[in-house]
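Pasting in a structure now, in structure tokens, and then I'll have a few things to ask.
Note that the chains are named A, B, C and D in the order they appear, and that numbering of residues resets to 1 at the start of each chain.
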Amino acid sequence: MKKLINEVEKVVEESLQGLVKAHADLVKLHPSVRAVLRVDSPKEKVAVISGGGSGHEPMHTGFVGFGMLDAACPGEIFTSPTPDQMYEAAKTVNGGKGVLYIVKNYSGDIMNFQMAADMLAGEGIPVEQVIINDDVAVEDSLYTAGRRGVGGTVLAEKIVGAKAEEGASLEEVKKLCERVNANVRSMGMALTSCTVPAAGKPTFELGPDEMEIGIGIHGEPGRQRMKVKTARDIVEMLATAVVEDLPFKAGDEVLAFVNGMGGTPLSELYIVYNDLSDFLEKKGIKIVRNLVGNYITSLEMQGCSITLLRLDEEMKRLWDAPVCTPGLRWGM
Amino acid sequence: MKKLINEVEKVVEESLQGLVKAHADLVKLHPSVRAVLRVDSPKEKVAVISGGGSGHEPMHTGFVGFGMLDAACPGEIFTSPTPDQMYEAAKTVNGGKGVLYIVKNYSGDIMNFQMAADMLAGEGIPVEQVIINDDVAVEDSLYTAGRRGVGGTVLAEKIVGAKAEEGASLEEVKKLCERVNANVRSMGMALTSCTVPAAGKPTFELGPDEMEIGIGIHGEPGRQRMKVKTARDIVEMLATAVVEDLPFKAGDEVLAFVNGMGGTPLSELYIVYNDLSDFLEKKGIKIVRNLVGNYITSLEMQGCSITLLRLDEEMKRLWDAPVCTPGLRWGM
Amino acid sequence: MDNGKLDVTKAIEAVKRIKDIVDANKEYLTELDSAIGDADHGINMSRGFTKALEKVKSNEYNDIGSVFKDVAMTLMSTVGGAAGPLYGTFFMKASMKLAAQKEADLSLLAQAFREGLQGVVALGKAQLSDKTMVDALTPAVEALESAAKDGLTLKQGLEKALAMAEKGMKDTIPMVARKGRASYLGERSAGHQDPGATSSYLILKAFYDALEG
Amino acid sequence: MDNGKLDVTKAIEAVKRIKDIVDANKEYLTELDSAIGDADHGINMSRGFTKALEKVKSNEYNDIGSVFKDVAMTLMSTVGGAAGPLYGTFFMKASMKLAAQKEADLSLLAQAFREGLQGVVALGKAQLSDKTMVDALTPAVEALESAAKDGLTLKQGLEKALAMAEKGMKDTIPMVARKGRASYLGERSAGHQDPGATSSYLILKAFYDALEG
């Protein structure tokens, strides 16, 4: 295992130190628990908080700042954070209008956030949770843990963060977050595995001509292993699954998000975007907004995911609204 | 070789297609040669143009836009562009105030840009060139090709682009670019090699516990191969070479740029930044601006480079000035 | 004056043994989690029980409930993932049954573990054969209960529970996961032993070994 | 009516042979460039001469200078890197000497190649022993010139030039590079054959083969 780290036990800690030093104008660390806070948590807004395992940077810590998150609670690499983190972070950034937890659908995240929410509710602090579950690679069923939360989370945090910044109520912010989740679908793939620092070796092994389709963001194996294909064929596979699931229809206006898993060069993500754009054009689905880059990653994994969000006018306006975080910035 | 591509011959072409589709509000393709142009090249400014081999994205094509480049001329992967690209691009974006070519110091780039400059000059178009050569890993000598241009190029393009945007003259813009080059130093390292698509296999081989110090941005071998070390030790090696070269002194105000080679996760770059920040603090060198991320890459190579730029008041102001490009954006 | 019951000393010894056995199996648990999860279970458990042991060693205890409670709180705030809240809840619910008790015989421990298991099920909503820790814990608790009914000693009861936990753990191999991260794999999760069921077996083994002396 | 000189047909044949030999050695050249450069020399040369051949095949020519000029222009705008302008200049300068000539004998070709080489040196500023294409081209041109002085045929002259180019190419192996990308390696560049010297040898080989018929 070769990584730019000092000790495996301190990877998350030191990375957070670097983040807050580099962006001291935007974020700071919580004094007692592991949480990244907006440097100026305004009082007159709903506090939007997310969190989850580390290793997906810039998500979530890089999305703290104006127009997005008020706090992010990072766990160890690929490990859900603990309830005290979400509880204390919420207590610190809640300005009185309540707290929205944006939670990705993993058993661990759900349970840990739930405990924090219970503790807050016990103290009379208004708290709501929205579970993001946009990964169409996972078969959805009442009898399973359901679909994972993946790329849709980034879009939800941006759009919902903008709404909260406008001063909307907890109820409104929650409703919007549910609407984003209801209209977003994703699917990912990997060309290589990744190595959890503390584990010291790759989570899975892929042959020199193999890829894994339907991969999550934790180096967990996907649903299908196959010979590598061209970008065009990969886009066809991923986008077909995504489009058919909602389903997205001709005439729909979408935000197309091509996300890199961390180890894939930006130039390749643009090739994927080019193919995705052709694919959607043929279906009459209109890309009216887009995002291309490494936003929800899986350490140094090579691969990508495709996320489509069906936009309405409010979502478009909120997507365009100014945002100023270490990982996403425009309009200011 | 596993990559998200269609055909090795079309990697650059399709990636550029994706770029201009994703950022149609900012950039467009030149109608006849391979060049990315600002969508609105304003007349009343010096045209700032750069270019070089592809594979370093977002540099240079991702830096075209308000406050940075007017055009970028990408060659094949790691191969200098040809004179007709720089010549035609300059003819198209020159508004009458002349053209500055920002050229990285590689024999190929120098020769190709020189030919384009000769052609422009032959037509009476005012043209100047500044050669960026900030890589301290290369011994500087009258008898060699001299130092490579690396991370300093990104900073020069931002700062010089802002100056041109203000309406400065060709002479002023050129002088500033030379001043940036005179005050910037860099050094890089790699944990893994990278694979040129058309070559199909890694440019060099590194053992599972080896790293290469003093690497360039083309997968060319560095000056020294050694066992991997901690991030702290790597920072010490790179930063010492960088600091001693200029030399940077206690009290200097610097922009610290931690750049990823393309395959290294952002979380590790923040660890490097954390260590760099500690290192410089001990030397009394003050980081007053910073940049952390993948900006001048080497395909999917894992590794990083450290760049320090000694800032003066004008450079600070120009760094902070609004910039709106696919790869770098703030203030608008 | 060893009466074969679980007293404060033995409870702390059990925590120490859990820490040791989890550490010894850290890579193994992580490897199991690589196959059908995200390669962190051994790391998570080792971090949690290292902290839990530090905690219980630094305190004075008058009752075993308090030992269990400190373990619970520490796991909750250091393990994370799915296993953190689940094992945290297991020890928390068990601690309530053991509150103010200086020692536990087989019958009391069986009741405490039953409470713990019910907490795990209430939180995680896993049923038998969902390929989780529940598949190891359920037969183990049942064995404790029937051993208590048969009037066996604590050590004898734990021996039976351990055997059943081991069987439950191995039975997870052919199962298709329906809870936790492994469920994303669908049919591909079959053929691999569940990491959480394995750590549950190890925890029972540590209790048994602690009573061994 | 083969008089052993380089006429338009043979010049085009030479371009075809260069294309073929560069293609056949594409991986080899790239491998040489991997060791001390950036792994693109074979790719660049193959792209350039494929286009150059397309160009000269699609045109009608009355003189060999025009063939050389089209090759030069195509290399300039398709090869890129260091080799593009250098070989572009080589053919461009040579084409000037050959302008309006229906054919070239040994003496004329030696003069044309001398012009080409001078162009390469003027542009790239490499000296002998800097480990570049100049180390293969220089002895080759010298061989052509002395063969011309000795009154040999074009084919005989090219045979001698080829032998000298090969020697020059091999002589680059121990050299420490002082120009081009390999110079960044310093002492580590020694022990590797220069890719550009190798492609220069291959180009001369193609000229020789084209005259062979």
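The rule we apply is simple: a residue touches a chain if its C-beta (ideal position, glycine included) is under 8 Å from a C-beta of that chain, and two chains touch if they have at least 3 such contacts.
Since the model is a prediction, treat every value here as computed from it, not as a measurement.
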Which chain maximises the distance between its CA centroid and that of chain A?
-> D
Provide the C-alpha centroid distance between chain C and chain D, rounded to the nearest whole angstrom.
-> 75
Between the Cα centroids of chain A and chain C the separation in whole angstrom comes to 32
Approximate Å spacing (C-alpha centroids) for the pair chain A, chain B = 29
Between chain B and chain C, the Cα-mean centres are separated in Å by 55
Would you give the residues of chain B that are in contact with at least 2 other chains, written as numbers and ranges?
-> none
Just spell out which pairs of chains touch, all of them.
-> A-B, A-C, B-D
In the complex with chain C, residue positions of chain A that touch it | 53, 75-84, 106-108, 111-112, 115, 137-139, 143-145, 148, 196, 198-199, 203-204, 216, 218-221, 223
Given the complex with chain B, which residues does chain A contribute to the contact?
-> 2-7, 11-12, 14-19, 21-22, 54-55, 57-58, 62, 191-192, 208-209, 211, 228, 230-232, 234, 262-275, 277, 290, 292, 294, 297, 299-300, 302-304, 329-332
Which positions of chain D touch chain B when the two form their complex?
-> 30, 34-40, 43-44, 47, 76-86, 123-124, 178-181, 183-186, 188
